[in-house]
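Next up: the structures, one after another.
Two complexes follow with subunit A in common, the first pairing it with subunit B and the second with subunit C.
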Partner chain A sequence: MRLDLDGLKKDPPESIPAIERRQFLKMGLVVTGVFAGGTVLSLISNIQRVFASPEEFKEKYPYTPHYSMVIRQNRCIDCERCLEACRRTNHVPPYGYRTAILERTIPDAIGQKREFIPVLCMQCNNPPCVRACPTRASYKHRGNGIIMIDSKKCVGCKACMVACPYNARYFNEEKRAIDKCNFCFDTRLSKGERLTACAAACPTGARTFGDLSDPSSDVYRMVHQIERPVWVLRAEVGTRPNVFYMKA
Partner chain B sequence: MKRIYVLYLFMAVVVLSLNPDTISASGEAFHGGDILYTRPLKAVLFSHRAHVEEIGLSCEACHDGIFEMSALSVQEKGDFTMESLYEGRYCGACHNGSMAFSSDSQCARCHIGVKGYKRLSQPGAVGEGHRGD
Partner chain C sequence: MADEIRTSKISAIGGLARSFNSALFSDIYSTLIGFLSGTRSFYIILSLGVLTVFVASISGLDAMRIGYRHAYNITREIPWGIIISTYIFFVVTSTGLCIVSSIGHVFGIKDFMPIVNRAVFLAVVTIFAGFSVIFFDIENPFRMAIYNALSPNLRSNLWWMGTLYGAYMFFMAIEFILLLLKNHRFATYAGLAGLISGVAAHSNLGAIFGMLHSREFWYGPYMPIYFIASAVMSGGAAIIFFTWIGYKVNNEKMDAPMERAIEVVSKLTAFMIAVILFFTAWKVVTGLVGSPPKREVIKAMLVGPYAANFWGFEIIIGMILPFAILLGTGFRNVNMSFLASVLMIIGIFFMRYDLVVEGQIVPVFHELGVNEYRGLLHYLPSLHEIMIITGGMGIVASAFLIGERVFNGHKSEGH
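Right, the complex of A and B next:
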């Protein structure tokens, strides 16, 4: 079959091509959200759900709880209490990291010339690391959407490290496995704590953690508004992160 | 021989009298130099040069009413917090939004973070033209 290259139509970058969308819906996937510049868009298997029609878009998050973090970037002062709390809680070795603070200096800016940007695993809805893993050691939790690692299955090939656009993974020598942020699921959330160690340790409120599927949660309120811009890092790679950024 | 000793003695006296606090050309300790606060958290850089030389504040504007002369002594006080600043104490006496930018804005203008602290803690880093910008 010959392709008519000149006749091909380009889909606007902000939208998923219509054919892809139709196919996702056919497969039983939910498309949600128009907020944060269209980045609150989850393409997640939800086979059990039955749609009345392919056009039935659900304003509903695929996980319950749908864990998320909103980072109010301008509040970060790089005190690194979050980093200390993370190391302590998750036994992160000195050579590794689960979260980090990036620094950017703009000498020509008026007034403040320095900016700190906390980063961690974005717990993507479309995770390249999970696709890259040959042993299924990296997986997206069916209940809450957290990207987790089964360290027994990990063979240390580091394919996921290469695949991750956010550099969120490191090789843990002691575990002989890749390690990464899992929103403190094993160390805190599963034990009844409501916040990650970093969010609990932050003195300025730069990190807000919560359930994006709960309309009464702070993260829901921060993401589902249009007064202040909300963005995700490297939106162009199409990973649909669950860590959002704003200045407030 | 004796003359040379006298000359040395004279030179020593001259060198000692050049108190770096008053006439340092490099600005190393100009009007108190840079103050690096590390408590309650790391770190805030206060530049005397920026406040005295560039803005033109007098010593009396802050000393001894708002800050004691002795550098970093304010850190020992329990109320050296952002809440105090919002209530108009310490830096908040001027950084209230009308005299100078408000204490609850532009956080990273004063806060240099652990990264900034580590950079300045390297040997010979403080006082070599770093500003609290």
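Right, the complex of A and C next:
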């Protein structure tokens, strides 16, 4: 088929549907973000490195289910219900924590000057803690990719605490072992619950938990889009986390 | 033919057993005599050493009782403190003693021979002191013994370090026993096995830090290499230090071969100081243009809270002054070499402490710009921690003094 280019009439801008225009602008923003900001670039490209190209996404997930959490950072209001739910569900002692909410203040920002960043174990695909552990007390679950602790094997050398780039671990005196977030595997997921305690407790939907290998899941849809930047914390370390961050 | 071999084997074993027996009896005899002839100051220092070990044991058990979280100043953010750094201090010294003694004993350089026995003995003592100290840092040391064997993680440097150091201690002990029995052929083999396992273990200890890719200050091939180089420096200093005191304790004058040995060890030590100075300079210079967390540490080292440790103890006391003393005296003044070794040992202790602590002072979320982790983290050892590491030094002091008496100034080399 030949196009009659000369015969084409110029469309006035008003005739382009608004939705198309918006999408085009968004794409431009993402592209600009990718090429302009070095940080954004590394974060986005890191996700691509982890999960290959979009078509191959599903095949590339090493676990089924591949548990993941997407944190919509701007939705966190620091109500700390997630922290409470975590403590209650997983019997976390007062001297430790499995998840925390960090606070960032930017005094010269226009408008909102404060934001909250929930953090937890990133359940890395390339976990430094697992490599550091001398006795395989820390291990990555073969079925679902969660970083687990076999308490009876933990010698308490604290090498994993030093190795973790996310400060996700503490020594639990009652268990005589290192303790950390395991996406509530023993307390909820293995008992048929579909959400972690923190995700279930969050009133604003800041924490979305799900199976990244399931294209119908919310986490899949959030990670596999290019309209809004998705990033991971400390991408430069190369741990390939399974906890993603975005603002939506 | 087969019978002949069997008989010769049996007679060899019998000979070994006989020599072991006679050596054992003569040991017990000389122990008795040695102790009886000890001077008062010897016993005072020995009692002090034993007392420190006793107090340290009580502190350690108390820390176990109340929980390390309460007894030590380590935190979630800085889980490794002065106990780990002192463990490193001891095992670096042990590996260094092994390496320097192997120059004489394994590689056959005659000048190094007179120091071999004492060095091998102290290598065993210092590694034991290291293990004793770290015993009180590991939360479940008994589990370690079990699961190190039952559930090894072959990708873990910590596993390799622990296992290889276990083997190292065994080989060095065997080497020492064989040296006492004057079985030099087998002692050389044991020494070689000790040297190989020691160097492998020690570079793995460096790699524990060097392979933590989330800690920019440590990460890279620098650590294993630096650890081995600084082991030789520490070993040299330890040999000069203990040999000099050994001769004072025994109230003897060094003979010519021993003075020559101290001279060559002093030369080697001065050379290693230069190497470590060179290493340190490039560590600092490359760090200055590194990632922001690394720059933060370098800043803390050069002009921040660790500047006094770095410039005062590490650079001036630990390296510049000893180097100047050794060079200035032409390596021939044993007393001045001793002074240099004292300064070095103090400086090296701080090098280990700074290396361990500085790697953790920048919070992992520092660059995220969150309010919780804007500044650097702080750590200062608690009384329990200080008592425990002093106990480690008590172990070395007591075992060294007892060794001087029991093994009669380590002169079985027969020079």
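We adopt the following convention: the second predicted complex is superposed on the first by the 189 of 248 C-alpha atoms of A that agree within 3 Å, B and C clash if a C-alpha of one lies under 4 Å from a C-alpha of the other, contacts with A are read in each partner's own complex, and residues count from 1 in each chain.
One rule holds for everything that comes next: contacts are C-beta pairs under 8 Å (C-beta built on N, C-alpha and C of every residue); 3 or more make two chains touch, one makes a residue touch a chain.
This one's a predicted model, so the numbers in the text were calculated from it and none came from an experiment.
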Following the superposition defined at the top, how do subunit B and subunit C come out on subunit A, clash or fit? fit
Could you tell me if A:204 is touching subunit B, subunit C, both of them or neither one (first, second, both, neither)? first
Contacts of A:64 with subunit B and subunit C, given as first, second, both or neither: neither
Considering only the touch criterion stated at the top, classify A:134 as touching first (subunit B), second (subunit C), both, or neither. second
So, does A:103 touch the first partner subunit B, the second partner subunit C, both, or neither? both
Scan A:80 for contacts with subunit B and subunit C and give back first, second, both or neither. first
With both complexes superposed on chain A, which partner does A:190 reach: first (subunit B), second (subunit C), both or neither? neither
Output check: A:225 vs subunit B and subunit C. Expected answer is one of first, second, both, neither. What do you get? neither
Quick check on the superposed pair: does A:156 touch subunit B, subunit C, both, or neither? Answer first, second, both or neither. second
When the two structures are laid over each other on chain A, which of subunit B and subunit C touches more residues of subunit A? C
Overlay on shared chain A, then closest C-alpha pair between subunit B and subunit C (Å): 11
Which residues form the common part of the subunit A surface touched by subunit B and by subunit C? 103
Which of the residues in subunit A come into contact with subunit C in the complex? 95-96, 102-106, 117, 119, 128, 131-137, 152-159, 161-167, 169-171, 173, 176-177, 233-234, 236-239
Touching residues on subunit A, where the partner in the complex is subunit B: 74-81, 101, 103, 111-116, 203-204
Subunit B contacts subunit A in the complex at 41-42, 101, 106-109, 111-116, 133
Applying the document's contact rule, which stretches of subunit C touch subunit A when the two form their complex? 67-69, 74, 76-77, 79-80, 137-141, 143-144, 147-148, 151-153, 155-159, 162, 208, 211-215, 291, 360, 363-365, 367-373
